[in-house]
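Naming follows writing order (A, B, C and D), and every chain is counted from residue 1.
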Amino acid sequence: MATVTVWNEYLHEREDDAVAEVYPDGIHATIATALSERGHDTQTATLEEPEHGLTEAVLDDTDVLLWWGHAAHDAVADGVVERVVERVHDGMGLLVLHSAHASKPFKRLLGTPCDLTWREADERERLWVVDPGHQITDGLGDAIVIEESETYGEPFGVPEPDRLVFTSWFEGGEVFRSGCCYRRGRGKLFYFRPGHETYPIYHRDDVKQVLDNAVRWATPTPGADANGGNRNVDPRE
Amino acid sequence: MATVTVWNEYLHEREDDAVAEVYPDGIHATIATALSERGHDTQTATLEEPEHGLTEAVLDDTDVLLWWGHAAHDAVADGVVERVVERVHDGMGLLVLHSAHASKPFKRLLGTPCDLTWREADERERLWVVDPGHQITDGLGDAIVIEESETYGEPFGVPEPDRLVFTSWFEGGEVFRSGCCYRRGRGKLFYFRPGHETYPIYHRDDVKQVLDNAVRWATPTPGADANGGNRNVDPRE
Amino acid sequence: MATVTVWNEYLHEREDDAVAEVYPDGIHATIATALSERGHDTQTATLEEPEHGLTEAVLDDTDVLLWWGHAAHDAVADGVVERVVERVHDGMGLLVLHSAHASKPFKRLLGTPCDLTWREADERERLWVVDPGHQITDGLGDAIVIEESETYGEPFGVPEPDRLVFTSWFEGGEVFRSGCCYRRGRGKLFYFRPGHETYPIYHRDDVKQVLDNAVRWATPTPGADANGGNRNVDPRE
Amino acid sequence: MATVTVWNEYLHEREDDAVAEVYPDGIHATIATALSERGHDTQTATLEEPEHGLTEAVLDDTDVLLWWGHAAHDAVADGVVERVVERVHDGMGLLVLHSAHASKPFKRLLGTPCDLTWREADERERLWVVDPGHQITDGLGDAIVIEESETYGEPFGVPEPDRLVFTSWFEGGEVFRSGCCYRRGRGKLFYFRPGHETYPIYHRDDVKQVLDNAVRWATPTPGADANGGNRNVDPRE
């Protein structure tokens, strides 16, 4: 349906055997395959490619961009960040995954620190659907239960979401706003919490379903032909 | 695309020759034809039909309901209003047109008086697109200009819209939030201001385009299978 | 600071010895005393008083109304409900407590079923502050921990809050949006979840602090002198 | 009531005689005097002072910052911008005036281009109060009418406001969302449109009243003591 680019930092998978075992070709490959199987036209891009793989030509051909980063947020060039941000303003959808809450494009678009609390304790996570009528929840049940997950906690330093779709419960006592929708310019943003590199979370069918739903939700529609700048309007016409 | 029911009070057109000239078969017929021509499966319903034409069977077969009323809001039976409200909670889209700002279903769903100021003065109206990325504005330009229109003014006694799509300018000095999006339960609501019975506004292509866009926007998606009531959750599962 | 009326159904405390032990003079008396000690001018009203104690005169003298109900929502007269709703539209603050999520005024103002899931299991509740800059959280820490609480669960059938202040974690696996802010007309609403009749929750200092903060937040300010109805504006003046 | 710093670019007033006639000591001096007369403790800062007058010490002593800029947005050092942005995240209020829609702090906090259309045509502006219950409208009537004003037009490239307080009508056919509230972190933002340097708009009592109201609204409250970072919570405590 949509033309999708999956961006991944792609460092952990090449540096850590435990991660490589879970995602031998990288998190991006797993996600891209899942979306491709669900009918989308997918490509991938990674940090170490020229321009991080996010050239103007690639973005010209992207309806929705997915972003996974963790260890090297600062290594992303500001010029590429601005390019992504402008594309979102012009309508490109952006799905921000897990630790990419601290990525440059997300912080730049939201205008806040986007910080949170965290703990690596292999705790059970239960993502409750709090907005069961939202397109991003199509086909889900009451909740998604993940046996072992990294724990995130509130306060999550983001603007009030336009719509809160998921809230997580963690075995160890935390809650987290795990699915948050925003608009910035013509573009739609969705933050989705699950997906630490040491867990096989992106191999789950329910998580793939959420990503597929979110891509469909974030795909731009044409909109109006609005112009900015200096303008004269004749009130009699 | 969607299964649409157009509800109209259908009094002015039968009682006032000037209105009958503009809408000889009723406002509902004009709108239903327009949506049918744009690919929707349409039916109509009016006040004086049994149960106002909004039986359980009709609503079973309705993705999106359009509502036009003006002179006889109080004549709509409370039982039918509750039926419509429950359907919206369950996902049915609702487009509320012009003077239906004061209709029972709209006030019941928003929880406010939904009052405004008004003046009949054949003034020029300019509906500016304030959210050019919104699906409801697909294919429009900067603004829709209506040569003669009834004037509405602020304050409009509604909750802050989830998203404001249009704002009107009136020749005589007023502004109005003319396109307002809400969610109530699983259902999407859109209030659209233009459409007084004495003007041929629903014959305009740009207005038809907005209604078509809004029907597509308000069409329900499946959502999640969420359950209410007393519940036991096993935190270990 | 504010003139406050605390409304309570006042049935459980008179019918159930276990509840009477926790709230010998009624939940309303405990809350009114707490707010009085914090500088507010307080009065109480209960279901079985004439007009449920909510006469025009009482509401004339009310900046903020608190509402606790559980067993007898349907016994509240519709005329009194409309009176309360109109006062909120005109600026009166309304704090809706615990099981009053299903009260007539709350459902009437929000336009949704306001349903949820629940379980009585004496579970630990942890109310996380998710909006630490909000006035309602003044003086709190990260979270309020309640050793034994009734459990509520999502989905909570309300419109997206204007601002979400608290989210609860429950030992048994649930989350809940426990502090929700809304505006309806000129009036501010705050829903606050804790407070089941069998637990001494309203005797807690942190809960009293939240109620005091919320009263201050919901106290009306003068606002603008806006008029509705038919209006002529001279655009040249 | 509040400790206020009024920041002004302060270029037009020194370079253009016509502007100097309207604001002989600068726009900042006019606004600071007005707020001082209304009980606030005020100071000013301008572009050409060291660190633009916005040192850590000055911001330590600022509850609410007002920002007026037009011709030299790019001359504001990024380090000072980040300092202001962080203070807002920590609770400082920010009032963004007129052409400061394009200032660095505003764009940085909102995450959007904040662009608009404009025209200098000495048109009449009518700022309608669309949220008459809001504190920022205290003491106003239906509308503020400004005889000659610079015209701004939609679409205004900002995120949907948390609350829209004013909408402007312009003689020449435009509308504009002229009073927009946001939260970013603990800080409150208010954008207020009127105030072009060639018009005596900041000498008006109604405009001074809005600024006073907005300062009171944006003054921080203590909030909760929330901590970020790595955290262990004992679910049994």
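Rule of thumb we're sticking to: a contact is a pair of C-beta atoms (placed from the backbone, for glycine too) under 8 Å apart; a residue touches a chain by one contact, two chains touch by 3 or more.
Note that this is a predicted model, so its numbers are computed, not measured.
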Chains touching both subunit B and subunit C: A, D
Type of subunit B:subunit D copy interface by residue overlap (half), same or different: same
Cα superposition of subunit C on its sequence copy subunit D - rotation in ° rounded to nearest 5: 180
Comparison of A-D and A-C (more C-beta pairs in contact): A-D
Centre-to-centre distance between subunit D and subunit A (centres being mean Cα positions), rounded to whole Å: 32
Cα-centroid distance, subunit A relative to subunit C, in whole angstrom: 36
For subunit B, residues that touch 2 or more chains besides their own: 126, 129, 132, 153, 155, 160, 162-163, 171, 173-174, 183, 185, 226-227, 233, 235
Contacting residues of subunit A [partner subunit B, same complex]: 91, 124, 126, 129, 132-135, 137-142, 145, 162-163, 171, 183, 185-187, 220-227, 233, 235-237
Footprint of subunit B on subunit D - complex, ascending: 126, 128-132, 153-156, 160, 162-164, 167-170, 173-175, 177
Complex contact set, residues of subunit C against subunit B: 85, 89, 108-113, 115-119, 153, 155, 157, 159-160, 162, 171-174, 182-185, 226-235
